[in-house]
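Down below is the structure, laid out as structure tokens.
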Amino acid sequence: TVDFIFKQIFKTALKQLEAEKKKELLVSRKKKAEDTIVNVNGELIGKDGTSFVYGPCAVESYEQVDAVAKSISEKGLKLIRGGAYKPRTSPYDFQGLGLEGLKILSEVGKKRGLGVVTEIVTPGDLDEALEYIDVIQIGARNMQNFELLKAAGATDKPVLLKRGLAATIDEFIHAAEYIMSKGNENIILCERGIRTYEKATRNTLDISAVPILKQETHLPVMVDVTHSTGRRDLLLPCAKAAIAIGADGVMAEVHPDPSVALSDQQQQMDIPTFDAFHDELLKFMKQYDVVK
Amino acid sequence: TVDFIFKQIFKTALKQLEAEKKKELLVSRKKKAEDTIVNVNGELIGKDGTSFVYGPCAVESYEQVDAVAKSISEKGLKLIRGGAYKPRTSPYDFQGLGLEGLKILSEVGKKRGLGVVTEIVTPGDLDEALEYIDVIQIGARNMQNFELLKAAGATDKPVLLKRGLAATIDEFIHAAEYIMSKGNENIILCERGIRTYEKATRNTLDISAVPILKQETHLPVMVDVTHSTGRRDLLLPCAKAAIAIGADGVMAEVHPDPSVALSDQQQQMDIPTFDAFHDELLKFMKQYDVVK
Amino acid sequence: TVDFIFKQIFKTALKQLEAEKKKELLVSRKKKAEDTIVNVNGELIGKDGTSFVYGPCAVESYEQVDAVAKSISEKGLKLIRGGAYKPRTSPYDFQGLGLEGLKILSEVGKKRGLGVVTEIVTPGDLDEALEYIDVIQIGARNMQNFELLKAAGATDKPVLLKRGLAATIDEFIHAAEYIMSKGNENIILCERGIRTYEKATRNTLDISAVPILKQETHLPVMVDVTHSTGRRDLLLPCAKAAIAIGADGVMAEVHPDPSVALSDQQQQMDIPTFDAFHDELLKFMKQYDVVK
Amino acid sequence: TVDFIFKQIFKTALKQLEAEKKKELLVSRKKKAEDTIVNVNGELIGKDGTSFVYGPCAVESYEQVDAVAKSISEKGLKLIRGGAYKPRTSPYDFQGLGLEGLKILSEVGKKRGLGVVTEIVTPGDLDEALEYIDVIQIGARNMQNFELLKAAGATDKPVLLKRGLAATIDEFIHAAEYIMSKGNENIILCERGIRTYEKATRNTLDISAVPILKQETHLPVMVDVTHSTGRRDLLLPCAKAAIAIGADGVMAEVHPDPSVALSDQQQQMDIPTFDAFHDELLKFMKQYDVVK
């Protein structure tokens, strides 16, 4: 058993090495104690209380995006989301307007003073997209599309990285590391629900991932209440939970007329619902009387 | 295809029948619109803002329970939890003090003015337990121990029913129905985390189950932050999220000296941590608008 | 870092202790190298090639059970299964015939020379059941109903223990240990599918659990192809896979007229399907010419 | 309720439409009843009994690949696998030799008469890769990298598509459809384990996915026993189960010296183990009736 002890000491050394390696991750709190703040269009994500990213699931037309953008800017908010490249389960579902959609987002963004958050799905689309967008979103299905992560890491645009459909928190953190290892420090993590056996919701919002990610990394963490639940009736309670647990931001989908939306009809809010939703959140935060 | 249509109409009728059946569940909101309020020792669970159920994982001694009880009663709270019959993965782990444990709980409860919440694991233990306890807890492993559910339903004690390790919300609701179908209307549901692939936490707290259960049933819903996370560092943020999303109560484990606890050492709070925890929750509840 | 090393050596010692503890489990191969063989009605489960346990989901009538029993005995098989106490999600679903059902099973078993395998759901039912049954089945929902495990362990009847809905292999092994720790060594383990996100099947057959359980324990291992798949069209291929991977037995549900069955209509085989199923298995095993 | 009936008829019509849409998938059995046979280097996958795809996890050197290739060709087999672009959780893990690795594979393949199966991870690598490889593998992490699927679908090379880490069978089928919708009919599906709560294995081999995929599509289906289990001791029993259930092929990893492998040390077989493994499979196939 002296043999055994030596073997164990060796194993221990190996484990310590691994722990050291982890300590050295650029995204780790151990590497950098203070919070990273990501500035998008003047919105200081990770600093200014709660940030809100609203917008339609998919860009369908100028009018559609502008209707939502108007409502967002009237609330004094600074960000809009919308999908131009849509990763869809079936090749026969609406795949997004592509570059055309980016141009619509950009035009509306400028008109309304909003920063544009939009998903890029492959490195080849990145170059042409950069001039139209403010934040590169990397979606759940591409969380381990490492070439895309590296390409996004080589740009100077902030990256909003969504957790994979069934990614562990450890894999999520390492995916962010792929981005930062290429020099881009402006990363926002986004919990968007994980795949479990429960079918009452589209995914299961892993709310405790938020404090874990805040502990393990120095990056801001958002919660996408739309994709995590897939149910309009759960958006408001889940947004409150996200804020309460310390999320730096909330994402939710808004469409001027969800019943004719080309994707995700069941989960987008129409404008009046959106107004009420944001109102309730402000009430919850007791923020009517405070300048954010 | 006339055939087809008739077949479909028939199917439709069947489905409607099923929906009707669901509507008729005694626990359903459709059956009773107003909230059920469960009175335990004067604490009106489901009415009086947030209820708190604190206490040690397992009853180990009179002194241990009393130390926690003192701290609870000093906070003006009215309930204590503690396990006398412990369902453990291995038969060689500490199995609890049994009836002796119930007597300790009862004695301390009387001394400190606290209602006792404790788990019963088999119908045969119920009779002798009843005189010592105020709430029958049915644990996750026994959520579909239907004979136990029926036996608890035939008593006049409130029942705190925990969600099974991997139970769907629908199964959870039907488990409550087993209890109510025997005449006992005083049921408290408790979300305690579900089993998923993620290993950063002991279980995954399914926070969105809270608003769903509140919608689907008229019963009060609690969140057990200890078992859902298995991590002391997540108790406070998860309790905030639970309160924010509308839970009627929070459960957490407290032990005078967790390092010598006979079970769940990693997740119980010691008394000073507990004091700070409860303090922070009260502050949080003032800061946010969480009145139900 | 000498400190560190000492700490690690201490940890190592702890782990070794735990490993020792595991080595000492009565069900472990480390404790007993040779296979346990369970004799039921002359069928040597774990020895005589593949054992087959067929029968209806629920006992509905003498005629129904006898029709299946006739078909089983004509195949030269020695075991029949059937549920008298049915754990059902809803209290309003058919709950089984209870003691009456046991009597039917017993009578038919004697008439046809078949050993009876049937589920017991609560310790209180065990005594009166024992005279009618040959194997105590403990179902998935009760895998951690520890009082039931202990009660079954105190009898001299073989126990067929099903894996819990979302039990780990480690928990499954420890559940068996609860039985054996009370003195009963005649335990048959049964993989019956686990709960996952995939919904094409009722559960996901964890086929690799079979060789793991055979390695870790000395107990015979069966596969229930009916509950793991929930689909009649998958019974045959999954049974082949079970036999190929080394299972000691296959369980499947058979009903004279599944369309009028009081439970599990979608997954039971009718008699002609059953005949073809068993035939195909024998062909697969090339066993028409061999005495089992 | 006439209203209700009309509403239901309308819903029914919608559902039928969806079913029709599904029927029209190019990969569907409903579209093409006969099996698709994929010819790689003279190996008729989906026709010639069971095909075997062996090789190292990662290409590390010419000598390493050649040692495995020699062993493969001595068994009379025609295919080799090996990774040149390695998707790894951490950016600091070995990322593969890239183009250099492809050249090694190609050279060895020609020398030994083996067709080369290798993973491509991004559309941008595809063009330069095509001259060196025989089958484009798309890995689990990229199963919904739709741009990569489309790019592979626009080539004339066979594509081996692995199921995503937590992809449903329906999503898997639609991912194959992305490839076929671009004109490439030579697709091999590969079940490689899914992510579940069980940690005794790296993933859970979803063995019943094989017959479901064979029913739903006309494509050949393989099973990767290495990634589904992550355990050398389970490779052989799982390969037997795969063959028994009707898989068209088995994939497994082989390395001349697993202890120094740059990835997946725990799960690769060394050459003698590989010899014994393949031997046992051939014996198994004679013993059982597994002709498709």
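Letters are used for the chains, namely A, B, C and D, taken in the order the chains are written, and counting of residues starts over at 1 for each.
Here is the rule we use: a contact is a pair of C-beta atoms (placed from the backbone, for glycine too) under 8 Å apart; a residue touches a chain by one contact, two chains touch by 3 or more.
Keep in mind it's a predicted model, so treat the numbers as computed, not measured.
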{"item": "Farthest-lying chain, centroid of Cα atoms versus that of chain C", "value": "A"}
{"item": "Repeat of interface B-D, chosen from A-C, A-B or A-D - more than half of residue-number contact pairs shared", "value": "A-C"}
{"item": "Intercentroid distance (Cα basis), chain D paired with chain C, Å", "value": "33"}
{"item": "Distance between chain centroids, defined by C-alpha means - chain A, chain C (Å)", "value": "46"}
{"item": "Residues of chain B whose C-beta touches two or more other chains", "value": "166, 170, 195-197, 199"}
{"item": "Overall pattern in which the protein chains touch one another (line/ring/star/complete/other)", "value": "complete"}
{"item": "List of chain B residues in touch with chain A within their complex", "value": "166, 168-170, 194, 196-201, 204-212, 215, 228-229, 233-234, 237-238, 240-246, 284, 287-290"}
{"item": "Chain A-facing residues of chain C, complex", "value": "4-5, 8-9, 11-12, 16, 166, 195-197, 199"}
{"item": "Residue numbers on chain A that touch chain D, as the complex places them", "value": "21, 87-92, 121-125, 141-142, 144-148, 150, 164-166, 170-171, 174, 177-178, 181, 195"}
